[in-house]
Every structure is written in C-alpha cells, then in structure tokens.
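Next come two complexes built around chain A: one with chain B, the other with chain C.
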Partner chain A sequence: MSLQVNDLKVYYRTLAGDVKALDGATFSIADGEIMGLAGESGCGKSTLGNSLIRLDGRMKYVGGSVTLDGAEMPIWDKQAMVPFRFREVSVVPQYAMSAMNPTRKIGVMIGELVESRGLPYKQIKVELGRRIDVVGLTQDVLKRYPIELSGGMKQRMVMVISTLLNPSLLIADEITSALDVSTQRAVAETLVSFRDHGFVKSMMVITHDISILYQISDSILIMYAGKLAEKAATSRIIQSPMHPYTQMLVASLPEVGVRYVDKKLTGIPGSPPSLLTPPTGCRFRARCPLAYAKCAEEPPFVEVEPDHSVACWKVPGPNA
Partner chain B sequence: MRRYFGRKLLTYAITFFIAATIDWLIPRLMPGDPIAGMMQRTGGGSTLSPEASAAMVQYYTNLFGLNRPMWEQYLGFWTSLFHGDLGLSIFGHGRAVTDTIMAAVPYTLGLLIPAILLSYWLGNSFGAVAARRKWLDNSILPIGYLLTATPYMWLGLMLAYIVGFTFRWFPLSGGYGFNLEPALTWLFISDLIAHWFMPFFSLFLVMLGGWAIGMRNMIIYELESDYSRYLEALGAPQRLVRKYAFRNAMLPQITGLALQLGVIVAGALVTEIVFSYPGIGQLVFNAIKSEDYFLLQGIFLFIIIGVLAANFIVDIVYVIVDPRTRVAMRGGTA
Partner chain C sequence: MLSLNRISKNYKIGTFGGKDFTAVRDVSFELAEGEVVSLIGESGSGKTTVGKMILKLIDISSGSIVLDGVDVSTVKGKDVKGYYRQVQGVFQDPFSSYNPIFKADRVFSLIRVEYFPEMARSEWDDKVEAAVRAVTLDPGQVLNKYPHQLSGGQLQRLLVARALLLDLKVLVADEIISMLDASTRIDVLNLLADLKSRGMGILFITHDLSLGNYISEKTVILRHGVIVEMGATEKVFGNPTHPYTRMLISSVPQLHKKWAQIESELAAPIAGRGGCLFHEAYPLAGRTADSKDDPTLAKIEDNHFVGCFELESEKTARVA
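Here is the complex of A and B:
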C-alpha cells in the first residue's frame, strides 16, 4: 500500500471561523495505482492534494494521519515535511504555467533546485535529458526561459521537473483545466506513461473533469462538500455508481453518439452547502432525491463490496 | 535587436523634440519682463538717467534676442542648440548658460549621487531583511513610512536647527565657508565635506524610507508568487526561494533607481534652498525669480537629457537582466 490516509481533517482559518474544507478523509492508494479525485469546485479536492505536500499559511491541520510507504508524514510540520517533498511526494501544481522562475533559464533553475536538495546536477542531467525526450520536448528547452515556451510545453516541463527524483506519490492538481482538448489528452497520456516508465509509483489526479479520469485512472474517488462520497474502480464509478451524488454526476456527462435534442442533458439542481457551517448528517441531503429521515445522521464511508466504498444510508450493504 | 533599439531611439528623438519645444515655450509664457526685472535688481532703473536706462534696456533686449519675432527666436533656439550654445544667462548678467550650469553641476552630483546610491543600497537591504521577520517588519516598516512621508525641507530645517544651530556640529549654509577660496587644501576639502553633510543626510534619510518600503512590498509579493510556492512544494530551502524572490523584486527597483538618477540634474530643489547649497536646484530657483528664460530652459534641457539617458540605460540593463524583454524584442508574445 503506497498511500494510506486516515480521518484527515484540514480546515481553513478565516475571520468568520473555520472553513471545514476537508472533514475526515480515509482512503488508500495502492502501488502503481492512478487514483482520480473528482468533485465540484470547492469540495476540498485541492485541499486534500495540497495537504499531502505543503499546507499553506491559511490551512490548519486538525487531525488524522497520512502514511506513505510505511512512514508517517508529519504534514502539520512545515520543516519536518521537507525531506519528503520532491523525493517521496511531489506535485504538478494547478498553476504549472507560472511555476517556473521567469528570470532563470530552465536548466539553471533545475540545477539550483536539485543541488539545494543535496544532489549534484551532473548526476541527474542524463536522466533529465532522457525524460525531456519522453515528454516530446527538445533538449534546448534547458537553455531557454519559461516565457519562450508555450503553455503546453511549460506544463510538460513542470511534469518532468516534479517527477525528476522518482517520487512515490505524484499529485497532479487540475493540470488539464487550462488546456485545449487535444493537449489535455496528450498531458493525460503523459501522466500514464510516467507511471509505466516507473518515474512515479502512484498518482493522485485531481480534476473536475470525469471524462479525463475515465481515460487514465484506475480508480476514482468522489468528494462532496469536504467529505468522501464514493471510491471504486473507474469502471464501477462510471457504469454502476452507488452514491446518489455520483449517479447524478455521471448522468450529467454527455455520451458519445447520443443526440441531446429530445432528451435534455440534466445537471444536479442546487449548489453545495457552505463549509463554514456545514449541515449535520449527510451533506448532500438537501440536493438528494432519495433523502429520508436517517440522512440527518452522518453516513459512514464504508466498503460495501471489495474495493468499493460509499457513504450513503440508501446503499445496500453493511449500512442497510 | 537592432530594430528594437532603432525604434527606441526614434521614440527618444521624438520625445526630445517635443520636450525641448515645451521647454523653450514655457519660460516665455511667464508674465513679466525679464530685462526690466534685471534693471530693477541692479538698481539701473533708478540711478541712471532715463536715456541711459532706455539704452541699456535696448542693449540687453538685443543681446538676448528678445526683440525678434517668436518664430525666429524658436528657430534660433534650435540652431544654437545644435552648436552646443544654450544662450546667455540674464541672471548671470550675460554669462554663458552652459558655464553657469556647469559651475553648479558638481555640487548637485556630489550631493545626490551618494545620497541616492547609498539609500538605494541600504534601503533595499533593509527592506529585504524586513520582509523576513515579523518583528523587524513591525519596526522597520513604520520608520520607513515616517521617513518617506517626511517633507525634504522639514527634515532639512529640523537638521539645520538641531545639528547646525543648537549643537553647531555642522555649518548651516553654503557650499563652503565665505572666508575660503576653492583650493586643493585639507582645510578647504574638510570645510566642503562639513557643508555637504547636512543636505546629503536629509536627502539620504527621506529616500531610504521609500526604497525600504518598496523592496519589502516587492519581496512579499514575490514570495507569494507561483514559482515561490512551487519551489517550496518541492522542498527547496528558504535560501533559494529568497534568492529568486530578491532577484525578481530588484527589477522594478532598477527602474526606480534610473528615474531617480534621471532627475538628479534637477537637483534637490528645496534641500538646496534650505541649506543655500550652490547646486542646480538653487539655480532653478534663481532663474525663475529673475525670469531668466535661457538659464531656465538650459537647466530643463539638462533634466530632459538626463531623464532620457537614464531611461535608455534602463532599457539596455533590462535587456540584460530580464529575459522577458528579450523575447518581446524578437517579436515573441510575452
């Protein structure tokens, strides 16, 4: 088991009080697994991703544990996390287009970065060159400034940098959001090839675009309003989702070959609750067509069949 | 590269032409008659007989070419400008404007270059350090705001009163003592430095605050930028993150420095007046008082050239330090 997350809680400090962006997450990612993490904007996806590598100033660790390859990561301690970063867990950030220092040549920046982590640049240079080939860039990018690269090229370059030290876990945060559809596909395939080449062991791909996950991920974790809703293999999530939210989310995707003239593509009515004062019980209750009295209690996130966990009282299984 | 600088040079040439034209026009729009003013100052109007007085007015009006039509004066201005001739100073009773300015330039440069460079260096260092620690930030920032908000002349007056008048550590006014002749002696040089210190120090203090605040804000902005966050996410030590942030925060400060150096020729008007320091600022003041078209326009021409030259230097420096300008130069999209 590569990554094991146990009841992780991370809140945002605001003047109005704590925003419970991640309120108890328990899941695991196996070696070699590409897990997709999907949900609406503001459901806590990026908070989960960021908290595994670097809590920013506004984020507050509240509880829970994270274990990577058997070692517990002290995610609440900025300094103690440093040895894990880059080597064990790494990130391709949401802002990949502006992630590189604009006034340094890319090669120089990489050199200074790896040497600051105690690795001679020479030792890594051959491998760096090889990986630049893998993502379809030319060697001269190292002699160029970030501004001289297109958006897609910068994205691929950041992917190479982030995975240079073969981290065990790679967090890819909304990396396809700013790209056109064909580039999205190329970037998604590059991610898979990184896993296949052994550059990274396992991966967490954060997105709100389930169709991308359908192409590349082994499993999908659906989040709703700071809580986990459902986790299962990709095919299970797409073909037989159990949580009402997942069902409605998947139903809202257009299908190839279907004309939406007569049948209107449906969305999910309503909007997610405020995480400043989240409702008690199931957080999807207000928008859920199946809600009943029991939903006033919080449903546990339990395994209802092998490798398929759901947090819903209506799902047949141990809860029913 | 050549097209980039060619275009830049053309822009500068056009700017120079327009600025010089305005420079020529503005003093002439001032109300009053400079020759009459000069006659008054020298007492010529009262002691001379009306005929002699009229003859003198006639002579000076001819000398300065003020009797010719405006368009002729304007053309004459450009012709003599290309010959390096800025005309004669009314304030200086017909002394060449170039000489009058050149006599004041060393004082202004000696005052401003050390003040600007030293405050730039120290201010940026303070600012960068302040952005690092909470308690330093909480002490340096208010002091910086206080300094930068202080009017030059107020600080000058305070220094003059406390250090110069009450304690008598430094002389109050002038470039050097009235009892001395300029010479390369220790006596004269030490006197020069003593006179230089207070105007220098008041300028230095006020500018220091501005640089420190600017740098502190830029560093904080850079430390929150995406590339800093990415480096931190990859576990880069603070040393590296700060090095990048400092380098990038310096870029806008370089522009600020160039603009400061550009107006250097203007002198520190109020400071020089407070301490009666014989620099360009003092000269501007006198030129306005005596409606000296030629001196005023000569000094402003100096300032125009100074600002343009400083800007041109920044353009070149930027091409060296900021790769983004190089891309734009090749016609890329930045």
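Here is the complex of A and C:
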C-alpha cells in the first residue's frame, strides 16, 4: 500500500466561517496504481491534492492521517514536510506552464533546484538526459529559457523535473486542461510511461475530464461536495457505476459518436451545496432522484464489493 | 442566411509591422437557419478570429461576409445596431462577461436602454422573464442576484437569454461551455439545440470534437487558418479523410474506447505528397514546407469536402 489516507479533513478559513472543502476522506492507492480523482469544480479534489503536498495559509488541517509507504506524513507541519516533498511526494501543478523560473535557462534552474536538496547536479545529469528522451524532447532544452518552449513542452519538462528524485507518489493536478487535444494525449501518455518506467511508484491524477481518466487511470475516485462518493476500477466506474451521482455524471458526458438527434443527454439538475454550511446527511440528497428518508443520515463510504467503495444508502451491500 | 466568402485576416507583426501573419485564409462556409455549424480547431487555428469577424469585432482583410444578401462589412454607423439585433455572441468565460459590481441582470437593462427605450416596464419585465424561462432558468432564482451568487452555467445561460431579447438570427457561441462543469455543460448544449429548432443559426466554436459532434449538422475543421475538412457532421466524423482530422479524432479521449483501439480502427493515413500547411508539422512524404499553395477543397462525397493534395487528382468540384 503506497498511500493510505484516513478520515482526512481540511477546511478553508474564511471570515464567514470554515468552508468544509474536504470533509473526511478515507482511501488508499496501491503501488503502481494510477488513481484518477474527478468531480465538479468546488468538490474538494484540488484541496485533497494540495493537502498532501502543502497546506497554504488559508487551509486548516482539522483531522485525519496520511501514511506514505508506512511513514506518517506530518501534513499539518509545513517545516516537517520538507524532507517528504520532491523526494517522497511530488506535484505537477495546474499552472505547470508557468512553473519554471523565466530568468534562468532550464538546465541552470534544475541544477539550482537539486543542489538546494543537497544533490550535486552532475550526479543526476545523465538520468536527466535519459528522461528528456523519454518525454520526447531534445537535449538542447536544457540550454533554453522556458519562454522558448511551447505549452506542451513546458508541461512535459515540469513533469521530468517533478519526478527527478523518483518520488513514491506524484500528484498531477489538471495538467491536461489547458492543452490542445493532440498535446493532451501526448502528456497523458507520458504520465503512464513514467509509471511504467518506474520514475514514480503511484499517481493521483486530478481532473474534471473523466474521459482522460478512462484512457490512463487504473481506478477512479469520484468526489462530491467535499465527500468521497465512489471509488472503483476505471472500467467499473465508466460501465456500471453504483452511486447515483456517478451514474448521472457519466451519463451526461457527450462523446464522439453520440449525437443530439439520436440520443439526448441530460445534465444533473440543481447545483452543489455551499460547503460553508453543508447539509446534514447525504450531500447529494437535494439533487438525487433516488433520495428517501434514510438519506438524512450520512451514508458511510464502505466497500460494497472487492475494490469498490460507495457512499450511498441505496446501494445494496453492507449498507442495506 | 449567413455566408462567408473566402474571408481572410492578416495581421502585421514584427518590428514596425514588417511581416504579415495570416490568421485566417480563404475560409468559406454557410450557416443556414435552424442549423448548428461547429467550427473546430486547436489553439491558434483562427477559429475565434472567424467568430470575431462575423461579430464585427475585427475587420476582414479580404473576402466578404453576407447576411441575408447584405454585405456585413458595408454596415456602418447607425446600421451597426440593426446588425447586432440579428447577430450576437456569447464567449468563453461567463465570470468576466459580467461586471461584478452590478447585479447580473444589468445585462438585460443595458439591452433595454439601447434597443427598447420605448417599451413599458411591465412589458419589458415579461419579455425578460420569458427569455429567462426559455433558457430553462427560474427567474425567481436568478434575477436580482450578483454574478458571484450564480453558477457558471447559470451566468452563461443568462447571456444566451440576453441575446434572445433581440430578434436574433445568428448566435456566435465561442467556447461557451469549456469553463462549465460536466454536470451543467450538457444543459447549455441542449439549450443550443433547442434554439436551433426555433430557427436560429448557431456558429458553435469549440476545440472539443465530442461536443461539436453531439450538436451540429455541419462541421468545419480549421487548421492554421485554413479549412482542411468540412461537411455534414456524420460524414466528417464517420469518414474522416484528411490526415489532420484523423489525428484529431484519434487523440480525443473517449469514454468507451481506448486510444490504441481508435487508432487501429482508423487505418493508416493516406500517403500525401506534402506541401500543404498540414505537412509542415506532419511530413508524410515528398515536398518541403516552403510551398505556400494550399490544396483546394475537393468534394469526396455529397456534403463532404477535404483539402488535401492527395485528393486533387480525384477532384470533382472546387469550392471557393
């Protein structure tokens, strides 16, 4: 078990009170697993990703634990997290295209970065060159400034830098959203090749685009309004999801081949609840066509069959 | 109803405008009443430029846009207002289309001041309410609210409602659902389909092939400002012929097919002789990139045109 997260709660401090963006998440990622994390904007998926790396000033650790390769990560303590970041857990941020220092040549910047971690640049240079080949860039990128690279190239370069020290877990936050379709595919396939080459052990791919996840991930975790809704193998989530939210979400996705004239897709009526004062019970209750009296109680996120966990009272299994 | 005849857009770039940059070259297509044409292209393909030229936001360098027999570029001065009564646009980012200081429904009152100063208050309120209902929103929920109190989908639909207040014939929808969540984007898409059935012509500009495929009758694929393939949607998607179209379709992440499978289904691209703008980036064989002539669009079947030198010999009709 590479990553184990137990009842993790992270809130945002605002003047109006705490925004419960991540309200009790329990899940695990196995060695070599690429887990996709999907949901609507504001469901807490980026909060979950960020909290494993760095809590910024507005974020408040409320409770729960995170264990990576058997060692507990002190995510509530910025200073104590320093030895973990980059070496054990690394991130490819959403803004990867502007993540590099514009005033340094890329090679110089990488040198400064690894030396700040106490590694001589020479030691990693050969490996760096090899990885640049893997992502399909040429060696002379190291002599160039970030501005000379296209968006997709920068994205891939940042991926190389992030994984240089072979972290155990890589968090990729919406890295394909700002790219063209053809570049999107190249970047997504690079992620998979990183896992296959053993540059990273396991991965958490955060995106709102479920069809990308279908292409690259082994399992998908769906979040709704700060809670986990469903986690299962990718094919299970796409073909036979159990949580009503997942069902409606997957059914609302247009794809090549589906046309309005043949099959009218429908969205999910209503909008997600405010996380400042989230409703009691199931948070999807107000939009759910199956909701009944029991939904006023909060459904637990339980395993209903091997490797398939759902938080819904309507799903037959241990809940029923 | 609206026809574009070989429109081009040149920009002066470089020091003192010494160089010419052609953003759009010789683009021609027609938009009929009750029809959705999707204009698909990657970033930099000039798709937004085409939309802006139709909306008279930028000038046309050569060619003409004709709406119901009137050349749009001759519409000047007071007549422009009459043109905007018939043609309106909705853009990508709903949040920046509103002034956050004022209530969202100010966009409606601005229309009233400009176009319907004579109309009685009650009559106007009824008109607004009808328009808001037409975009499947509840007036009580969305009127009299500030932009931050509404969701992206609601704001985007209000902008469509604003366009509906006029005697609209053509709606230019430029990436209007890219910023929306999966659960709400399909509602906006269905709304467009509903407007289409009421006789409106919609130019749906997008980079997402699956969305274009879902809603449109006609598809135009643009690359580097040049049309590479266009025709009836089911023909372009059912029988993609240009290597670029094939590349795009094979890169779209799909929900029930993996990339490798799609690729094997689309047989190897037809060997080209090279020379068109596509081959600069994807040289298949033959000529170098210095040749500036583009292949003309060849008719390969009813309602399906492809611009590729490989097809020139079989060319049966020239579309200009």
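Keep in mind that, in the parts below, the second predicted complex is superposed on the first by the 317 of 320 C-alpha atoms of A that agree within 3 Å, B and C clash if a C-alpha of one lies under 4 Å from a C-alpha of the other, contacts with A are read in each partner's own complex, and residues count from 1 in each chain.
Quick note on the criterion: contacts are C-beta pairs under 8 Å (C-beta built on N, C-alpha and C of every residue); 3 or more make two chains touch, one makes a residue touch a chain.
The model shown is predicted, which means the values in this text are computed figures rather than measured ones.
Because the two structures share chain A, they can be overlaid on it, and in that overlay chain B and chain C fit beside each other without clashing. Panel annotation: after superposition on the shared chain A, the angle at the CA centre of chain A between chain B and chain C (CA centres) reads 70 degrees, nearest 10. Of the two partner chains, neither chain B nor chain C is touched by A:Gln79.
Minimum Cα-Cα distance between chain B and chain C in the superposed model: 6 Å. Against chain C, in their complex, chain A makes its touches with residues 40-41, 180-182, 184-185, 188-189, 208-212, 214-215, 238-239, 248-250, 252-260, 264-268, 271. By the touch criterion stated above, chain B contacts chain A in their complex at residues 225-227, 229-237, 239-240, 244, 247-248, 251, 321-324, 326-327, 332, 334. Interface of chain A with chain B (complex): residues 53-54, 56, 81-87, 90-91, 93, 95, 98-105, 112-113, 116-117, 145, 147-148, 158, 161-162. Contact residues of chain C toward chain A in the complex are 42-43, 151, 153-154, 181-187, 189-190, 193, 207-211, 213-215, 233-234, 237, 247-249, 251-256, 258-259.
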